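In the two assemblies presented below, chain A is common to both, partnered first by chain B and then by chain C.
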Partner chain A sequence: MIETLLSLTVNGVLIGGLYALAALGLTIVLGVMRVINVSHGAFYMLGAYFTFLFSIMLGFNYLTSFILSAALVFAIGVVYERLLIKPIRKEELNVLILTFAAAFVIEEIVKFAFGPRYRNIPPYLSGTVNIPGGSVDVQRVLSFAIAIAIVALLFAVLRFTKIGKAMRMVAEDEEVAGILGINVEKVQMFSFGFGAMLAASAAALLSPIYLLYPSMGWDPLLKAFAIVIFGGMGSIPGTVLTGIIFGVAEVLTGYYISPTWKTVVPFILLILIISVKPTGLFGEEE
Partner chain B sequence: MLQVKSVTVHYGKALAVDSVSLEVDEGEFVAVIGPNGAGKTTLFKTISSVIRPTSGEILFEGVRISDLPPHEVARLGIAHCPERRRLGYRMSVMENLELGAYLRKDRAGIEEDLKFVFEMFPVLKERKNQKAGTLSGGEQQMLAIARALMADPKLLMMDEPSVGLAPLMKERIFEAIEEIKKERSVTILISEQDASLVLPMSDRAYVMETGRMKIEGRGRELMENDYVKVTYLGL
Partner chain C sequence: MMAGKLSSITFLNRKLLAVLVYLIAASIIPLAVPSIYILHVLILAHIFVIYAASWDILTGYTGQLNLGHAMFFGLSAYTVAITNTMLNFPLILSVVVGVFSAFLLSLIVGIPCLRLRGPYLAITTFSFSWILFLLASSAMIWLSGGEEGVRGVRTFVVGSVPNYYLSLVLMIVSVLILYRIANSETGLILKAIKEDEDAAMACGINTTKYKLLAFILSGVFGGIAGAFYAQYMRIVTVDVVTLELSASAITFSLIGGIGTVIGPAIGAYILTILFEGFSWLADYRILIYNLIIVAFVLFLPGGLMSLREKIKAERGTGGEEGE
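Then we have the complex of A and B:
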């Protein structure tokens, strides 16, 4: 009984870490640029398809494919920001509409290039480890570890490096950041690419678990939005913790209630928290 | 050093600065005094290139800066201590100071300037690991000035450094400004509503009202000016 719960929780945490990774990209872009990027799910989908391209179609090993697709989506994010976001960034509604439209365009391009049918990437690692009450896939443990390593790296970059401090200053006060000598547009371009890359990394790590199809990005996008709002807009610890809470909630609901409720539960949690604390878990009151 | 040449600035259609000219020579201490809404902050932001002028131009050491982005203006040696402090409130005191020195590579110089600002404001040293948002208003103003100094600028612009502070804290801030003037070879452009504080230490001063320069003169002269006496010194 307790052991089943434990094993489910472990599996929830493992998947939640990857949700957190995907949502962090959205948090960074929101924090540093005050942009709500509806294309985030499209970057996620690209990450999965590029992993497919490199590993299945071109025959690279999984790790190389992961790195290549993350790097490629970073580059796409940078170009996307320069061409589409930068000219209209101050007009929030336009950004919303444009990133929404662009997501569909990216989706169509992928459909054209890879075809509309489902694809799958076989597990990159087999084997399970036993834990009380059940077992977990080694692959999931490793994917989780990679996700946590990326999150830790992100923390370290923000906390200790010059670019990280510049990103935080831009997030707090763009105008003053410029006065201090920070090239705000460059920092934003970098942050956007970085955000896209986080989505792609999460997708690459999840791709051996889930199926690939051109519209696969919308679900994670909604989930990421829910996580970001639940955690408190722009709060990085809030996002990470919420990702994990959502992962656990999903797995527990799927088991104890019904798999069909699984995807709804995060949103019920979201509605609950914002009716109690509108700024989210870690959000600062204005 | 700095030449503002008939600069006009609009917010949308609203006129905020109306054909203003101003000059600051190297080594000078120049004040801009004027009431709320005179356009002082707008003028300073335009010099920093945060706002673009509708017409006119701004030169710094002969270089036209009015169409450069803000970070390049900073690189030329202008530091702007903005009105109402505008710190990185979620960052530590130390991180704010590091960001002040963002463009510098001379480690030794940075260390030296850090020592200087910590000696001038010991409280910042005591609280260097504290978040800037948890400092008192006066301490935040000290940090804002210190952050600007950390850039080791040629021109230091301070926009109403005493606004909203208690009288004692105002004095403390102006003592520090006096010290900066004495100890550092930095040119200073300062805006202030309280003319009695700033005029005695100014080489020259401008009186700005509703977007225009009304009077210009030597600091001491302006203190004797009848209009200034009545309007700004309450004599």
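Then we have the complex of A and C:
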């Protein structure tokens, strides 16, 4: 009994780390640009499809495919920000509408390019590790480790590098950052690409676990919203912790309640938290 | 001054004339073109006109972005279908219950949204419609029938021509009601909320009451469209709660002009006829609808209704404006 719970929890944490990664991309864009990016799920979907393109269709190994796909989505994010977000960034309503529609445009393009049917990427590593009460795929452990490494790298970039400091400054106060000689527009462009890349990385790591289809991005998008709001908008530790909580909650619901309901539960939680405490579990009261 | 007044009168007359010409044309179409297919397309257009106008009364007037409008349409359609086929309710009762369910949903979504602003509202409406989609497509498939849908819904009238006139009347009445409200004092207050909610509150306006009213109107008319759809199509599938349907409310409204009621109605009418009428376009519908949104947000956020003024403004500041 307890051992089953333990094993489920471990599996939940492993998935949750990847959710946290996807949600972090949303948090960064929100923090640095004050923009809610409804296209975030589309970048996630692109990450998965590019991994499929490079590894299955072009025959690269998994790691190369992962890096190529993350880099490609970064570039797409940068262009997207320049062309679509920059002209209207201050108009919140328009940004929401535009990023919502642009996500469909990207989805349709992928549908035409790759076809509407389900695709799958075989596991890049086989084998399992036995833990009390069950077992864990080695691949999931490695994916989790990569996700944690990316999060750690992100912390380091934000803390120690010039661009990271600039990002934090812009997040703090755009105007002051501009006066201090920071190229605000460039920092925002970079941050947007970076956010898209995090979504793509999470998707690349999850792609051997989940099926690929053109509309696969909406579910992680809403999950990322839920995680970001629960974690208190813009808080990075809050986002990571909530991501992991969500992973565990989902696995437990899937096991103890029903696998079809586990997809619904995060959104019910989201609506509850928004109605009760919109600043999130870890957010401060305004 | 005088010239401006005169031109506004002729403009009003021209609008009335256009409405009159449309009404005459719309009422003789079934006699002139006895094509079941064309009538079917027009009936769908009438339904989506109500759907688009009902989105606009909330988002266009109060600025509260609803990204999941299909939830009202879909919940009502499913409720009509399920109560009618599985519980054997008389159709009229099913329709009442269906619209009532949309009304209840507008309260459930609307009340928590009242104290929320900006992105929270968009995310909440989005999540609600997504939950409904997940329930209909997987978690509650025993009730919704999934892709198969709920079949065998009864209909008020049989045949294309009676359904055409019924939908026409329903559309005209619905749009008229929404248009009258939008152009009354209430509409003005809703627009004031959109411009600056704090300022509206400072003027002593109970913004909560008006926002909830807009939510209810939006939900109920969205539900009316869904209920009519269910009895006309006689089958309700997952299509009625998709994100694509929610997005199309935005496309219709943006192309016509958000915050005008008539603009979204015209947008829905034209686009539905275009895309349902030319079936080879169907594959590209979602792509084109959303490209339209992107293009209009970037280049013509006021929609086609604003084109007149835009052209006027670009022709130079001379003429009427140089008083």
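Following the convention adopted for this analysis, the second predicted complex is superposed on the first by the 276 of 286 C-alpha atoms of A that agree within 3 Å, B and C clash if a C-alpha of one lies under 4 Å from a C-alpha of the other, contacts with A are read in each partner's own complex, and residues count from 1 in each chain.
In the analysis below, a contact is a pair of C-beta atoms (placed from the backbone, for glycine too) under 8 Å apart; a residue touches a chain by one contact, two chains touch by 3 or more.
Note that the coordinates shown come from a computational prediction; the quantities given were computed from them, not determined experimentally.
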| item | value |
| --- | --- |
| Chain B versus chain C as contact partner of A:172, first or second or both or neither | first |
| Which superposed partner A:152 touches (first chain B, second chain C, both, neither) | neither |
| Which of chain B and chain C A:275 touches, first, second, both or neither | second |
| Contacts of A:79 with chain B and chain C, given as first, second, both or neither | neither |
| If touched residues of chain A are counted for chain B and for chain C, the larger one | C |
| First (chain B), second (chain C), both or neither touched by A:97 | second |
| Touched partner set for A:162, first chain B, second chain C, both or neither | first |
| First, second, both or neither for A:63, with chain B first and chain C second | neither |
| Touched partner set for A:183, first chain B, second chain C, both or neither | first |
| Shared contact residues on chain A - chain B and chain C | none |
| Touch list for chain A against partner chain C, complex | 36, 38, 84, 87-88, 92-94, 96-98, 100-102, 104-105, 107-109, 112, 218, 222, 225-226, 229, 258, 260-261, 263-264, 267-268, 270-271, 274-275, 278 |
| Partner chain B, residues of chain A touching it in the complex | 162, 165-166, 168-169, 172-173, 175-176, 178-185 |
| Footprint of chain A on chain B - complex, ascending | 45, 48-50, 69-71, 74-75, 79-80, 82, 86, 88-91, 95, 98-100, 102-103, 147, 151 |
| Chain A-facing residues of chain C, complex | 63, 65, 67, 112, 115-116, 118-120, 122-124, 126-128, 130-131, 134-135, 138-139, 243-244, 247, 250-251, 254, 284, 286-287, 289-291, 293-294, 297-298, 301 |
